[in-house]
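What follows is subunit A paired twice: with subunit B in the first complex and subunit C in the second.
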Partner chain A sequence: MTRKRKDYFTAFLFILPSLIGIAIFYIVPYIICFIKSLYIGQNFVGLTNYIQLFSNNTFLLALKNTAVFTVIAIPLLMVISFLLALFLNSFEKISSFFSSSFLIPVVVPIASLICVWQVVFDDYGAVNGLLNTLEFYTVEFFSSEFSMVMIIFIYVWKYCGFCVILFTAGLANVPKSLYESARLDGANSFQLVTKVTIPMITPTVFFVFLMEIIYSFKIFREVFALFGDYPNENVYFLQNFINNNYYNLNYPRLSSASIILSLFIIIVLLVFFIFERKHSVSE
Partner chain B sequence: MKKIIKYIFLLLITAIFLFPVVFMIACSFMSSSQISEMLDFANGEYKNLNMIPEMFSLEQFYQVFFRRPEYLLKFWNSVIVTFPTVIGQVVVSSLAAFAFAKLKFPFRDKLFFAYIVLLILPLQVTLVPNYIILDNMDLLNNFLAIILPGTFSAFGICLLRQSIKYIPDSSIEAARIDGASYFKIFTRIILPQIKSGLVTLTLLCFIDNWNVVEQPLIYFDNSTMYPLSIMMSEIGNSDYGIIFACGVMFMIPALIIYFYGHRDIDLSFSDSEK
Partner chain C sequence: MNKRIISVMLCMLILTGFTACGNSATEDSGSKITFYTIKNWYSITEGSSIWDYNKHCTDSDKIIEIVEFETAEELKNKLSTELMSGGGPDLISADCLSAAGISYEKLIEQGCFADINEIIEADTSQDKINLSDYNENALQSGVINGNRYYIPFYFMPNFYVASQQDLEKHISADTKSLSYNDLIKINDKINEEKSDKVITLNADGYLWSYVYDNVDFLNKTYSFDVEFSKTAEKLKELKSSGNEIKEEIFNEFVISPYQIYEYCAEIEKKEETARVIGKPSINTEVLSAQACDIYFINKNSKKKQEIMEFIKFALSEKEQNNVTGAEIEKYDNTTSYYNGSYFPINKKSYKTLMNNAKEIKYLDDTAKISNKSSEQLENMLSQISDYQFPQSTNYMTEVGSELINDYVNGKISTQKFTDSLKSKTKIYMEE
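Our next item is the complex of A and B:
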């Protein structure tokens, strides 16, 4: 019993530095944020801020766009990077040049890439030049519903290589013998992937999913750099909404929007966390 | 034949990933007139993506290094903000990640879940309250205002917990039976085995702080303290040439760390051959 308690104490010591920092810089701010969401000025108003938020058209638009982006971009990125990881894994030996270049999009600073995207996606840019030669209409990437397509493309392009590297690291941990015995049992290559690979790399899938969510918030930096404070209605995300209210320091609206966003994330994560604990092989 | 197609496909993907960097480097050696011609969107002609400078020119680098020393100053600010954050985060998170991955204590999973939630909260949520706390601690207009919150980001803990989880429990138990303390297990068994995780964390944490934009704008009154990342977005449309030269200069530290460490990240490829 004492031994066990001593172990708890050691574990606690390992966490202590991070716990102190997290408490000061994250937990306390979060609580302050929640309290602020219940007030207007000095008056306690309960959930009024939340109710008002849901009758705000701009907020609903931002919510809709964020949902569309999340539902399309995250699974898309997941599937593409998983397939690419399988593809890389199928090489017997691969020059490190290729794998190195996969992380390049994450490494390059955002501000300098903006010029590149403008040259590519402008009304008279490279893509439209190509489309017109193939006798398609000009696509206005900066002022139509195709803005979303462009943002999703940039998101997938930027983080794809990173996710591929994470997936290959996970794939490397799957023992070769598992594949061999499954093949002896007569499994085809599709079954190998669905029945052996995916269950074995569930922790990695969970981790990639987590990273994708985190990075999906950071796409705001690109939207901001490409469109400024008020992007067209197709790419007006929740983060734009929060940011714009941040400029006029509308604390009640700001904090209630943040709390709703966090609640949404917590629910998604909770589902995934339970899923991971049920299916994780390593535990 | 199949092999050739596979290699062509691989080359194609790599080209897509590498394109912007090559483009940026190429542009940084162009004369400013060629760049403005290429980036002039008003004249209604299709833009050509020129990868080859018409005339090899160091004009823009000359501008950055000798004419506009403020850019070098900002570069140094970026260094001051980034390096302590990276070192702090690697130390703090590797300790905590070990406890979360391998030690047992009450509320472990619940606490970890709380960490994940904190990790994914968008920056905009914590920015205002953070400001109030930093103000009380008298840390505004101090580089610590960015360094301290960055050090305690939960990101590293999640990443390293992932690497440590793959280390078999048996090796830790064996060391316990031999009488090793947990700290000794941490330094002798865990750390050497998560080298690739540590390198990955260093790189990602570096990039994230290197690109910092929001915090300095709010925490610093004095724009001489701004890092280069902000300057780059503020140079605006007028001075594309300088952006490309600065962009290349800005990229170099990240690339150095990356190419120094990429062997460890790539270990995943060689492992699978066994």
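Our next item is the complex of A and C:
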């Protein structure tokens, strides 16, 4: 065995423990889940479960809500955190305490946050108190279409600081000379952002987008803690559907919904990686 | 070389770690029938069918192994995970599923339970269950989509006992069963007359049962229309009359014929006429009863025939007499539950119970029940045609409970209550 091969073998052995873990806890269950999605009881039914799923109104409602949340919340979070990062980047120096305070929403336990949000968004809570003072009607955040607004707000609030830190790190790597050259060429502030900053931090934007996609699927924890197993139909997400079908022991429906959800994420990320790779090559 | 040893050791550590993942809770059960429950849950306490069976059982292999869980959440997680992976306990009670917040309607839909008819057919023993020995109508409650998923051991009629003199002011003498509108009318009249009686001290309960009555979990239909909203609004107002401490018109706690007769005797002592009437329901033409003490058999169980031994025991005349107190000599109203509860589905036991209930004395052994009252109860019992599947508490916990509380406490309007109920029920039914 050559030295290179020996090194490969040793490296492989080191990877093996985590590979076993990933195989047992992710790959094998995923394959089992896919196989189960093709069966009802002991009978092979092909794609029937998937077809039935798409004729199930509750699944379609969950799919619609998840899509609406993803389409609105992710761009909103990206824009807000990018603008905040730009604002922070305009300062010469930011104290480390101030920077790390952006991470507080991510590290505070969900249970504590939920208590706060319940007080803030209750019919007699702070937000409605403010609205009533301004002579607006009370908004029922927990039982109306505004539930989605509340969830998007919570999502943006929670992950904004984290994304700001990622963007700030990306912005710090943009050479100052590029801005100076652009200014000499007569570029205004808007052009500096669109023509210099954004192209230069594209890898960071991709990474932030990736993280946000992952976090958007984690928002179920907040939805579950605020609304329980059966939220109102405005915030009934795919994760609710999957979670409830677990307790209903509807394995065929649960597994086919999970496969669809995972395929959705895989496709989005794949497209994204292809984009990023192409962009990196052209750069 | 050292690196390789370390990595191999790591792999071994992970693999051996997996062996610790198994739960030993059920491993020791061996050939015994397993039953999961929450710690100190009443289905395993003294006097329950399982407790009696284990006491009676001489063959240690046929004993039911009770696995107790500290919390309902723990039971729920264990049960759902095991059932899903093709395992689980052999015997599953409806009470424990309710306590764990698992909907048995949905488990039936998923085919988790065995068809008892098939097990009976496969039984070659001499004491094979003969279904004609039991109340056929009550047995029918366990037949869903052609399969018999359970045999209820007992039933409880959905009856109230009241004084005819109180009722005749409000409803006609030939009313067999109350409607929710009857309740509202009676309540209005009581309030008008400033009577010293109230409909109930537990008004929320009517709203709960009204919601339940409007949902058909098995056929996945519900009706929360304009009429529902109007009635719900009126039922909510019953609460105002329940705030003061007054005497209730209806005696609602009816778990045995002894209790019904005790109420009747109290009324007769006041020289009034006792009246047994059906609890409020949407369909007032039909008298109903609740199937009780329900056990399902796990479809994955390999001990189906052994479980039948338990079912045979629970359905036996002796056990049914014992649980319902069919042969008691004296009724003590301070410990009514221990005198016996429920009505048996074993025909012989039922006959013994009803005869005994007529013979013994009530009101601290001082009063016998009149023929009129006993005939009335027997007549009403014979008219029961709807033996209901036990209500799923899962629906109420997950969907109805918070909404009803908010509505009764005035936090949400009737419109909001109905809309939210409709929306959540739709999701609950369809997902």
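Here is the rule we use: the second predicted complex is superposed on the first by the 260 of 283 C-alpha atoms of A that agree within 3 Å, B and C clash if a C-alpha of one lies under 4 Å from a C-alpha of the other, contacts with A are read in each partner's own complex, and residues count from 1 in each chain.
Convention: contacts are C-beta pairs under 8 Å (C-beta built on N, C-alpha and C of every residue); 3 or more make two chains touch, one makes a residue touch a chain.
The structure presented is a predicted model; accordingly, all values stated were derived computationally and were not measured.
Chemist: Which partner chains sit in contact with A:N248 here, subunit B, subunit C, both or neither? Use first/second/both/neither.
Modeler: After superposing on A, A:N248 lies in contact with subunit C but is clear of subunit B.
Chemist: According to the stated criteria, A:N232 is in contact with first (subunit B), second (subunit C), both, or neither; which is it?
Modeler: second
Chemist: For A:F14, decide between first (touching subunit B), second (touching subunit C), both and neither.
Modeler: Both partners, subunit B and subunit C.
Chemist: Kindly classify A:G41 by the partners it touches after superposition: subunit B alone (first), subunit C alone (second), both, or neither?
Modeler: second
Chemist: Can A:A187 be said to touch subunit B (first), subunit C (second), both, or neither?
Modeler: It touches nothing on subunit B or subunit C.
Chemist: Once chain A of both complexes is superposed, is A:S143 in touch with subunit B (first), subunit C (second), both, or neither?
Modeler: Only subunit C; A:S143 stays clear of subunit B.
Chemist: Could you let me know whether more residues of subunit A are touched by subunit B or by subunit C?
Modeler: B
Chemist: Just to be sure I read the superposition right, which of the two partners does A:G161 touch: subunit B = first, subunit C = second, or both, or neither?
Modeler: First partner only.
Chemist: Per the contact definition in the header, classify A:F59: touching subunit B only (first), subunit C only (second), both, or neither.
Modeler: In the superposed model, A:F59 contacts subunit C only, not subunit B.
Chemist: With the two structures laid over each other on chain A, which partner does A:I80 touch: subunit B (first), subunit C (second), both, or neither?
Modeler: A:I80 sits against neither subunit B nor subunit C.
Chemist: If I apply the document's touch criterion, which positions on subunit A are contacted by subunit B in one structure and by subunit C in the other?
Modeler: In the superposed arrangement, which is not itself an observed complex, subunit A uses residues 10, 14, 17, 21, 24, 123, 246, 251 for both subunit B and subunit C.
Chemist: Spell out the residues on subunit A that touch subunit C in their complex, using ranges where they run on.
Modeler: Within the complex, subunit A touches subunit C at residues 9-10, 13-14, 16-17, 20-21, 24, 41, 56-59, 61, 123, 140, 143, 228-230, 232-233, 236, 241, 244-251.
Chemist: Any idea which subunit B residues touch subunit A in the complex?
Modeler: 6, 9-10, 13-14, 16-18, 20-21, 23-24, 27, 38-39, 41, 44-47, 49, 91-93, 95-96, 98-100, 103-106, 108-109, 111, 113, 115-130, 132-133, 148-149, 151-152, 154-155, 157-159, 162, 165-166, 182, 186, 196, 203-204, 207, 210-211, 213, 229, 232-233, 240, 243-244, 246-248, 250-251, 254-255, 258-259, 262-263, 265-269, 271-274
Chemist: What does subunit C use to touch subunit A in their complex?
Modeler: Contact set of subunit C toward subunit A: 3-4, 7-8, 10-11, 13-15, 18, 76, 80, 83-84, 101-103, 106-107, 109-112, 398-399, 402, 411-412, 416, 420, 423-424, 426-428, 430-431.
Chemist: Report the residues of subunit A in contact with subunit B in the complex, numbered from low to high.
Modeler: The contact residues of subunit A facing subunit B are 7-8, 10-12, 14-15, 17-19, 21-22, 24-30, 32-33, 84, 87-94, 96-113, 115-116, 118-120, 122-126, 128-129, 132, 157, 160-161, 165, 168-169, 171-173, 176, 203-204, 207, 210, 213-214, 217, 220-221, 225, 239, 242-243, 246, 251, 254-255, 258, 261-262, 265-266, 269-270, 273, 277, 282.
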